[in-house]
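Each in structure tokens, the structures are laid out below.
What follows is subunit A paired twice: with subunit B in the first complex and subunit C in the second.
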Partner chain A sequence: MAMHGYAGKILHLDMSAGKANEVPTEKYRRWGGGHGLGSALFWDFCKDKTIKDGRNPANVVCVCTSPLNGTIAPSAGGRCDVVGVGVGQHPQSWYTRSGFGGRFSTMLKYAGWDAIVITGKAAKATWVEIANDHVTFHDAASLWGKDTWAAQQAIWEQTGHARGKTAQAAWREAAKGLGDTLSTQPPAVLCIGPAGENQTAHGCLVHDAGNGAGQGGFGAVWGSKNLKAISVIGTGAISVADPQALLKARFVLKEKYVTSWDRPDFGQWSHLGGLPNPLTMTPPPTDERRPQACQSCINGCRTRASVGYGNESTCQETAWYISAASRVAKSPAQLGEVNMRAADVVQRYGLNSFVFQTGLHWLELLHEERVIGGGKVPSSLPWDKYGTLEFAEKLIHALSHREDIGKDLADGWVQAAEKWGRTEDLANGNMAFSYWGMPDHGYDPRAELDWGYGSILDSRDINEHCFNIIFTNVNAAFAFGKPMRLEAGELVELVARKLTPYIKGRTDVLDFGDANMYSEGVAQLVRWHRHYTRFYKQSALYCDLKWPDFYNTNTPNMEGATASEDAGEQVFWNAVTGDRMTFDQGMELGRRIWNLDNAIWTLQGRHRDMVHFAPYIYETPFTKGELYPFYMWPCRNARGAWEYTDVMGRTLDKAKFDEWKTIYYGLEGWDTKTGWPTRKTLAGMDMSVVADELAAARRLGADA
Partner chain B sequence: MPQPSFAPPEPALAARLLQRVAFRDRLPAGRLRPPVGIIPGDIRSLSSLFLHLAPQPNSLPGVNLGRLQDWVRDVLGDAVLADAIREAVGASQSHVDGCLRVYELVAVRLAQAEAVGAAMPPVHTVEESAPEGTS
Partner chain C sequence: MDDHAQPPFLAVSRRRFLAMAGSAAALLASGAEVLFADGRLVIPNAEGFLVVDMKKCQGCSTCMMACALAHAGKASYNLARIQIQQDPWANWPDDVFMATCRQCENAPCVEACPVEPIKANKPNPDFGNVRMIDPKLCIGCQNCLAACPFTPVRLQWNAESGISQKCDLCVDTPFLGAKGGPGGVQTCVRVCPVNAIAFTPTMPDQGVETSYYVNLRGPAWRRLGMTTK
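Let's look at the complex of A and B:
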């Protein structure tokens, strides 16, 4: 039977044996794709799920696509999810995930593969070439040591796509692996730079100029496996079950939910409804530029500019050095240039810049207190040039090569704080690493509960802006003193309509006010969020920047596209796959995937007593103005009426948060004493085999 | 918006305004970049305040204007600018309007300080830049 949307095969790279094996996708079809597919593959392929560091040779890494990749599903065609045990977290590294965009996932499917499973460890530096069905393990000695851009360029040269070659020559070269077919495209390459080669905690995977699987330290995992790069080129196509329905839904989405190009509403409130806009944190350096996007995206959040730097970088990597650069920049233009060139630096070294979000401030403090550069932590970095591009390069070089302070930071920043005798910084908030040894995202657990609670229940900073769009819309309007496009009561009504199946219509779940922050309602919301993202965002691979769309001021009734019958997430899924899945069934699949992940964490050693934030979240108030002067969120006042309320200035109560976890675990059907999955819950989702393995490890939760 | 008209700072104050304060004395100040987020940051000098408040097409400054007045008065030691900021913020219609008004003030004050300090040797070290009792 045709599996529309799927390529049909999974590629198993046995790095120890240097062999490629084929696994039928059909066996894993019930997990959807992306993260769900990856978790199921990890479960089957990883023979030691107790490992606590991703650099262990037993670790398994899966790079997984979705049925929507390679199709015109809006803002879902070009994402990819990577799973496996990570590196550099605290007190241990968990089974975790990271996503990236671009064209790798599409090209992988065009080559005939739905996912790649990487096991074992190569005896020497290796890169893998995939050209349709042909898979070749190459010696990577000549690539090892190259940065991510140079490595990709070298691979393009070796595969016949070097700049300057005629198209005909490139086609002939490429055709060697492509049978009778040709492609004008250069291979899509996913690779590591020096940070990954040296197995540093924040080594990441980079594809093209600016797509990175940042969190998780998967670059270090690849480095530990002696895997420098995977290159893929394919000439196939993806079967779409109902192309007419797919096209129709895409048109509906554009016409109904996205603001008009002719009469754009720049103040619209929605997730989906904006126009393409480069998401650089400083303004693009020039207007001589064009949008650049992941495959099939309607967003175009990246840009390529004539100045030739900062191209394709967006979001976090275009923010990591702003504050430092503002120490020395003389003008906004100079600040922007240093900032965007610093983005290029981390892309080239393959180092996840997210760690600097709060970490760079901490390093600056330690230097000024003479901890770094004094007797305790010697450093020969040019700290007097802090804020210059030269300092940025030297800092990233040191961290990527385990040199200078990079020696101690390479295995995790909280671990370094312990070594340097600075654990008090985790209590006073000088080191704002709030969960699992990772930095606070800015959406502080003390204010935005879905983000904080979700992250500590998960394995990383979740980086999911599903509900966070509320913060952005409301606070931008508040900052300008503009009328709210949706009043608080109206907004929560609209959002609650989408929270199907189990909290549909329950507005109370969105109340992050002091009186509701440890409630069953908030537990339900966090639960909904974990299930939604596990399937729709990380398995179907809808982009975080566009989905879900709860409310949308471009539509007459202000309802967003999420779960709608004309352009909801399930509409595109069904058009591509031929399934008749309801939105709620997608949520249920998300719940199943979330439970499988929790089973893996349980085998790794997680217990509810470990599920706590860094001390400063409990001990130090989130001061007004720490990140932004206000943090307006819809809350109910003393009379029960909804209003936008500032939720800054508070801490979390550790005991109450602990009680809240009991509520949460109960709702999930997990053992409330341990947080472990139970047989009853797992069996109810046709996952008895998972329960069996937990029972064998004596880590199966007790049924209530 | 009328140009602010305050007297130029004395040389000692001008020198302080052109220096960077100690990390412990920084003023936290993020940016809001719709639709993806808050960027943490801070302000450690008048020039970094100027850059922070400079209008940008894609993001909004996140300095707490109430705390800014205190910081300018207590950390930078510039009561004149602090008073002017308080007055400007009091007259503003919104946070963004307040930021724009303060930006104008800071631009003038920075230019004044640079003019006064032009003949003085630059000082960049933290130890020398921090007001007494803060390092």
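Let's look at the complex of A and C:
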């Protein structure tokens, strides 16, 4: 099989032995790359798939690239997927994933590696240096305790890439001792901070200033393996099957699907067709700044500014403290500065800020009720300074070092709620941790069904914005009086055209109204979504914030780039790899990967009876949105006509959701009694080996 | 400087010059480099230059990877004839540096090329006198790399093929699928998502290092909330 797009080999880091081994990629080629590659590697390397906490030494972590990494495939060149059993979930931690951007995956490919498999546990703190084929295990004693930025900068220095006054630097040895193997680039480092070192539930992996594999707790997993950092620099090249086709498609994407710089449409509706704009939750503090992007991105979503704070942070990390800070800040400028500096704090500690999305409200409530700071949960944090940067720093320090309330929160927030006797907060919604012990994303399961249903069927908050672009476009139009660029009927028609192969043309699947929310159509939509993201987004590694492009008002017929013949996802894949994959074949590969993941969850102990949301989702109506006081979505009215309808204000019906799962499992060809994969379904995808292992564990689903 | 102090290739070239002195004007007009009696190599001006806006670049390195693709058919940083450098912890505008070949008026890399009788690195009169390295003639001495006065050096050492390479404004791009060079397409210019690289037929001031750094930020940039100063 042709190996265009691949480096050709996988690096196995045996942390227990301090040895680096090489594994040919060819054996895993059928899994594509990224998450699919990672799941297949996990399946082979993890000898105990019953583990329920990622800090178990038997856990295996894979850091995986795609054939598109290191190429100009739009917004796919620098993404990376990390897989393994996570930390801090409830009632147990599942095999899960986390993605991050930047340039790490690009460098790894140029160094000659498609993935890194990390097994075992080092006897002492270790960091690993990869310079092309040279892999060195280093003592990390001098790095342990450093924050993520200081640790990366120390590694740059140790490898001969000390920072200067500006980014300008001479060609330098790629690594010390590599002679004439030169590079103008510094190494790409992925590392943990104190939160990971102390194995806290929300420790994450950080690369450069603001790229993080945040969700899943992989920082804690690395900490448990005594792995502080992996540094990589590569000076090689990746073979591309059809460079001309790749360049042509990239030009088409820019010139047809992205609004023009000369006559920009700032109100365009699409996923990838805008101009670069930072996704910060408060306005950037100055106009002296640039957009900043992952490798090959079509329009960067981050920024670097002259002011010296908040660089590279984006989205939720720039808002984790906003509700607190807004009560103290004396001006919008001060609010912005505190928010962005608070973002720097979580980046440096390597703590996933997402837990505060809903968790900060809960902590504040417990403090107001004297649960925290009272006799039950002593706390010496300066709560009187809640909302100041000082409090933010002390809170993050405590959580990252297992100090103060961090002692209890370090192993999971729902676990802490149980310990503190506050499980009723999961019923009344005061603790909005909706799925698997993880906080709601703001795209509430009671409103946005693809997000909610997908998350509970998966392993955590899926954080996939595929259909969520509808919410973004439509609700912003309602909230700010912007033009409604597509009416509901037009929009669902355009989206449904892209939903091949299962539901092409079926607009009903997009109806999240009360009458349709437990339907076969919504099950089909969720199925499409799970398969699309497993391959295109998490394995081919197209950026979540740019793809899929269902509709696009920059084009004459409003059709987006997804699945198109001139710039669809499969066009770039084929140009790089030389495959002749259709869009539908990519979906089928996504289905295969999704089935492998479900097999792993099944071995870990999952059963359909466990697949339920936190009680508040069923018991308390959704009445308060994170962004708007309404949640507009295209729904059919009583006459069957499409209109944007507010789907806020409802709960999910537990029994009906349970029935919906039966429909869903049936569509997937899984055992509807257990939710487990069946031999027939697995064999149909050439996965009988997986069925055999499930059968041996007595966890193979019954064929229908 | 006497003959003995010069590199051998220049001494030989001087004798060649004496035989060809009467044709100097014609040669210049045709685009060939000419060596005068004082040992000075006169190189006809290139008819195209890349200029960059370092305050605008988003650091996606798409230009680098596209450059390598168009020329070599592979994706790579090291094979790219434009090098984008970033420091994630530096502040704008010092966080990004864009290193492009400047198609110098008196190109030191051309002067340094020792290959005889035809230099491997020379202006190409068929393509607007773009300074190009002929891969079939390059002997891999790396003199051109040593001669480039800029940081980082604007030529690249292709370790795979053992020869030097440099920006040719996309004249020799077998994988571009379009005509390159002056009057044609420059891959990096066309692919840049933020239009932070431009082609100009006007030679920037050779006495001012920053003359290749231009302002390409227009009204749309301002509208996005970023300075156009």
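One rule holds in what follows: the second predicted complex is superposed on the first by the 679 of 704 C-alpha atoms of A that agree within 3 Å, B and C clash if a C-alpha of one lies under 4 Å from a C-alpha of the other, contacts with A are read in each partner's own complex, and residues count from 1 in each chain.
Everything below uses one rule, namely that a contact is a pair of C-beta atoms (placed from the backbone, for glycine too) under 8 Å apart; a residue touches a chain by one contact, two chains touch by 3 or more.
Keep in mind the model is a prediction, meaning the values are calculated, not measured.
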{"item": "Joint occupancy of subunit A by subunit B and subunit C, clash or fit", "value": "fit"}
{"item": "Partner chain in contact with A:208 - subunit B first, subunit C second, else both or neither", "value": "second"}
{"item": "Partner chain in contact with A:326 - subunit B first, subunit C second, else both or neither", "value": "first"}
{"item": "Larger contact residue set on subunit A - subunit B or subunit C", "value": "C"}
{"item": "Subunit B versus subunit C as contact partner of A:19, first or second or both or neither", "value": "neither"}
{"item": "Which superposed partner A:335 touches (first subunit B, second subunit C, both, neither)", "value": "first"}
{"item": "Which superposed partner A:283 touches (first subunit B, second subunit C, both, neither)", "value": "both"}
{"item": "Partner chain(s) touched by A:52 [first = subunit B, second = subunit C, both, neither]", "value": "neither"}
{"item": "Touched partner set for A:626, first subunit B, second subunit C, both or neither", "value": "first"}
{"item": "Minimum C-alpha spacing, chains overlaid - subunit B and subunit C, in Å", "value": "8"}
{"item": "Common interface residues of subunit A - those touching subunit B in one complex and subunit C in the other", "value": "277, 283"}
{"item": "In the complex, subunit A residues that touch subunit C", "value": "70-72, 77-78, 103, 106, 110, 149, 153, 163-171, 180-186, 208-210, 234-240, 243-244, 246-248, 250-251, 254, 258, 261-262, 264, 266, 275-277, 283-284, 287-300, 304-308, 311-312"}
{"item": "Residues of subunit B touching subunit A in the complex", "value": "20, 22-24, 27-42, 44-45, 47-48, 51-52, 54, 56-60, 62-67, 93-97, 124, 126"}
{"item": "Subunit B contact footprint on subunit A (complex, rising order)", "value": "271, 274, 277-283, 315, 319, 322-323, 326-327, 329-332, 335, 357-358, 361, 364-365, 368-369, 384, 432, 441-443, 465, 468-469, 472-473, 475-476, 478-482, 545, 623-630"}
{"item": "Subunit A partner contacts - residues on subunit C that touch it in the complex", "value": "55-62, 65-66, 68-70, 72-79, 83, 85-97, 99, 151-153, 157, 159-160, 175-177, 187, 190-191, 193-195, 218, 220, 223-227"}
